[in-house]
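Please see the structure below; I have some questions.
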């Protein structure tokens, strides 16, 4: 067995899966509370990625960075999460709030409208070209430097940053949801919105917080994607959002560990099918596997089976 | 219930009115009709301005628009650009082609971008008697004669590029019979066509060709690069997006692979593909590196900030070509589509921003097409063949 | 207390009562408009469908413009697609995100049986039924394992199916059976299948590029299916579907064959998409897998049409497809788009602004504001007003003296665009006279952004406007233009 190939595919799958997982978390959180498929979520990820790119540009451009890499990473993440979060809250406030009790399909179309708007507004303002974080040209090129695992598999620091960053954010989110009062309110709201509001939980407040956190995670995912995979362009959110949506549902939509598991599943399925089956049909293989998973476990890997109440 | 019928009625009347007024406003085109030049002439433009291929299309649009803006500042004969967005979708291309064909002011068309789109729109433009010239459709069969006199392109086709690249790899990059080359396409027609040609040329020489493909949507190549072995000498990347070739080449290096990245004309972009030691083939010297073009590129960036791609500048030359043809056709104060079609073939530009003369062959291909090979050294493109 | 069900503050307790008294709260519109409305309500809906058929049939008589006919044909194809989707989503309530794959499957099916791809040139009378049945059967097959899935899980499996279809067809130029080395070009890969035969029946064939003929073919099929659906809607099956949509559990308890109903809904929807697919393939003479991809936006557009028209409403299918496709096409032309933009703003002002004197004040205020700004800018920064208005004519020359047109507007335009978006959002938060005062600079800013930035990039602007229209319309009428509002009992 070719261990080099195996380890490389494993790491590559986990890295890519981490990005999916972060986007999928936001998807899942919003879905859990509003039962809304927020198709604009991928575009928040795009905006986050552009914010990171903007900060690189402001600090002098990739080849001439004006600040140390660790500081840059911190500033990028902070700004992208803040910007993404605020954008998410704005979208909720202005596009979705009035539709909270409308037929479920109405906010879906609104979400598509928001997605159209964001993608094309980004193209209008920022141009359609592909931009690059170009972290290979940074003075301390985290995307090039790395270390060699046994079996000659190379791991870049960028990959490590993405994976560690994701783990930190996921652990933080879990602690937040499990331990804090707002987190408990979120879980209660997601369990039963009406009952939660009758128990005195400020549902509006909880929804805003959910949108903020979910969108901030998408913003962070945008920065991570830029560090590891360089490219930023206005339509990047569409495909990423699609895969994250898939990840969220495969994991069990509404379930946070499920979203992470779903993201990793997709990332690994993609990289292993490219490595071992066929690069051309890798997407087909992934979708085939996922259809099988869904048919065997209709409520997703970690989702609770829906109990219909009469 | 009450409102629904009212709405049906209102919507129906509105639509009928809209259709009737549109019909009245845009009289049907007479393909052979002549028009006066005094009010200006229109040139249509089809490009994937929005959507996933927006980076290519908007650049194409900007270069053509740029030429005509400059032209209109200094010439009495005004040329308007009518832009139509195809999103690289052949069926949208044919609908918008109908729009251009029905617009009797349009005398020629720049675009569409993709070879599929060219196939889709060709019957429409032929019926309308319109010349259409693409700055990026390189499939060999397009100029094999079916649309002779209607379809033109100012970029050499894949039949020129593929063998040049394969020969160069074989002669200079250590590719021998028995060693292997990875050919990666990005699953659209430009890329698969070129990859097929290069793959066949190499297999013909006994080279082991590892044919792979990644979706253009992919942002991660590391899983594919893991399959590059030590006997892989070259990875051929006929991509449409330069920064994807950049990422591929960078990840090759990051994983410690020794294979050389070799890009096609679609990746020729001195700002976005800069990995040292990589090779690229292109049909002209780089626009952004030709000293004589510096002023033009500067003015262009003033109007359209941001990077440009290799798919842009050929459309500038096409605009130049149409402007020349229209000037000729307008000598008598009148112009027709047939005149433009004939005059386009007579256009001979002494030097273009693509760094050489431009003339078309009777089939509509660019005359004297030749591919140059470049090597990237310290971020600069150096001509090696 | 509000009785508007879409108002989030409306009482949620006692919704049953609210439903029961639904009819009593209907206020009849006064005046002439009310009379017209009540008269129209007396007319049965087939009369409207017939009216539409007549109007649509007259279109090629009114114009010979190939573009308009082609847009008409596309709209009819969209209507067919929306009609099929209406069964699965609108009636049965099954969220099918792989719907476009059926359309693509049928288009490829027609292409394979009637093109040089395999050298087959079957008669259209044989191909259409065959392809439609095959597509319906495919729908059945997709639905078969999906019966157990509910809601969004069904959506995702169908989405996978759609993507699976697109990936396989996009890369099907060298397919091989496992264990064999011989490769077959099945779908043409990214090059698609070109040179597809026109419709031909017993030797008689439609000429190439004869969109008018296909227009009538599509229209006839659409009208026949529309009336069929009208009958189905009122039949046992139609009622059963709707009960399934409203509450699958209750439907099952009432003895409905839920599984069978789902399968039929899927198969019927797929069959109609299949019919549209064959017409599409023949009229376009070439098919490409990328057209049926999720990223191509086709699915999104069909959904938008269905929901905007009102899911579950047949008239909504017509209106939704017309509104979405015609506005998408009208906005292509920057001149038309400018008129649409200003008309929409004025219409909104007229419709929403009460009392009238405020309307006058705002219009006058905006005009004055514009001239003042223009004067200041031309005095302080002459380069700020020497740009060109994009539209000619009366509108253009009027605008030149009112809107500030910098010679190099890209950067300023971009910043202004972002400011405009923020300003409009803030405007929705303000109330009373503050809102009206804030409206004056916002309107001027809108004109500035339009003239300097949006009109220069018509292709992008078109999609931005589509996004805005979707957001605004869904917020204004969540049940769709012709849909009836339903109360969901939680």
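For this structure, a couple of remarks:
Letters A, B and C mark the chains in the order given here, with residues in each chain numbered from 1 onward.
Note that contacts are C-beta pairs under 8 Å (C-beta built on N, C-alpha and C of every residue); 3 or more make two chains touch, one makes a residue touch a chain.
Since we're looking at a predicted model, the values are computed, not measured.
The chain with its C-alpha centre at the largest distance from the centre of chain A is B.
Located most centrally within the structure is C, per distance between chain CA means and the overall CA mean. By number of C-beta pairs in contact, B-C leads when A-B and B-C are compared.
Once the centre of each chain is set as its mean CA position, chain A and chain C turn out to be 28 Å apart. Centres computed as Cα averages put chain B at a distance of 30 Å from chain C.
Multi-chain contact residues of chain B, defined as those touching 2 or more other chains: 49-52, 187, 213, 217, 304-305.
For chain A, the set of residues touching two or more other chains reads 120, 123, 238-239, 280, 283.
Touching of two or more other chains is recorded for residues 171, 295, 457, 460, 463 of chain C.
Against chain A, in their complex, chain B makes its touches with residues 49-52, 54-55, 57-59, 184, 187, 212-215, 217, 219-220, 222-227, 241-244, 246-247, 250, 253-256, 272, 275, 304-309. In the complex of the two chains, the chain C residues touching chain B come out as 26, 28-29, 36-38, 40-41, 43, 45, 48, 51-52, 55, 59, 62-72, 74, 170-171, 173, 189-192, 194, 208-209, 211, 280, 284-286, 288, 290-291, 295-297, 310, 313, 315, 318-319, 322-323, 326, 329-330, 332, 408, 410-411, 457-460, 462-463, 481-482, 484.
Only residues 4-5, 8-9, 11-13, 15-16, 120, 123, 127-132, 136, 143-144, 146, 148, 152, 154, 156, 225, 228-231, 233-236, 238-239, 270-272, 274-275, 279-280, 283 of chain A touch chain B when the two sit together in their complex.
Those residues of chain A that touch chain C in the complex are listed here as 31, 37, 90, 94-95, 97-103, 105-110, 112-121, 123-125, 194, 238-239, 242, 245-246, 249-250, 253, 280-281, 283-284, 287-288, 290-291, 294-295, 298-300, 306, 308, 310. Per the touch definition, chain B reaches chain C in the complex via residues 1-9, 11-12, 15-16, 18-20, 22-23, 26-29, 49-52, 61, 83-85, 87-91, 94-96, 98-99, 101-103, 115-116, 119-120, 123-124, 127-128, 139, 187-189, 191-193, 213, 217, 302-305.
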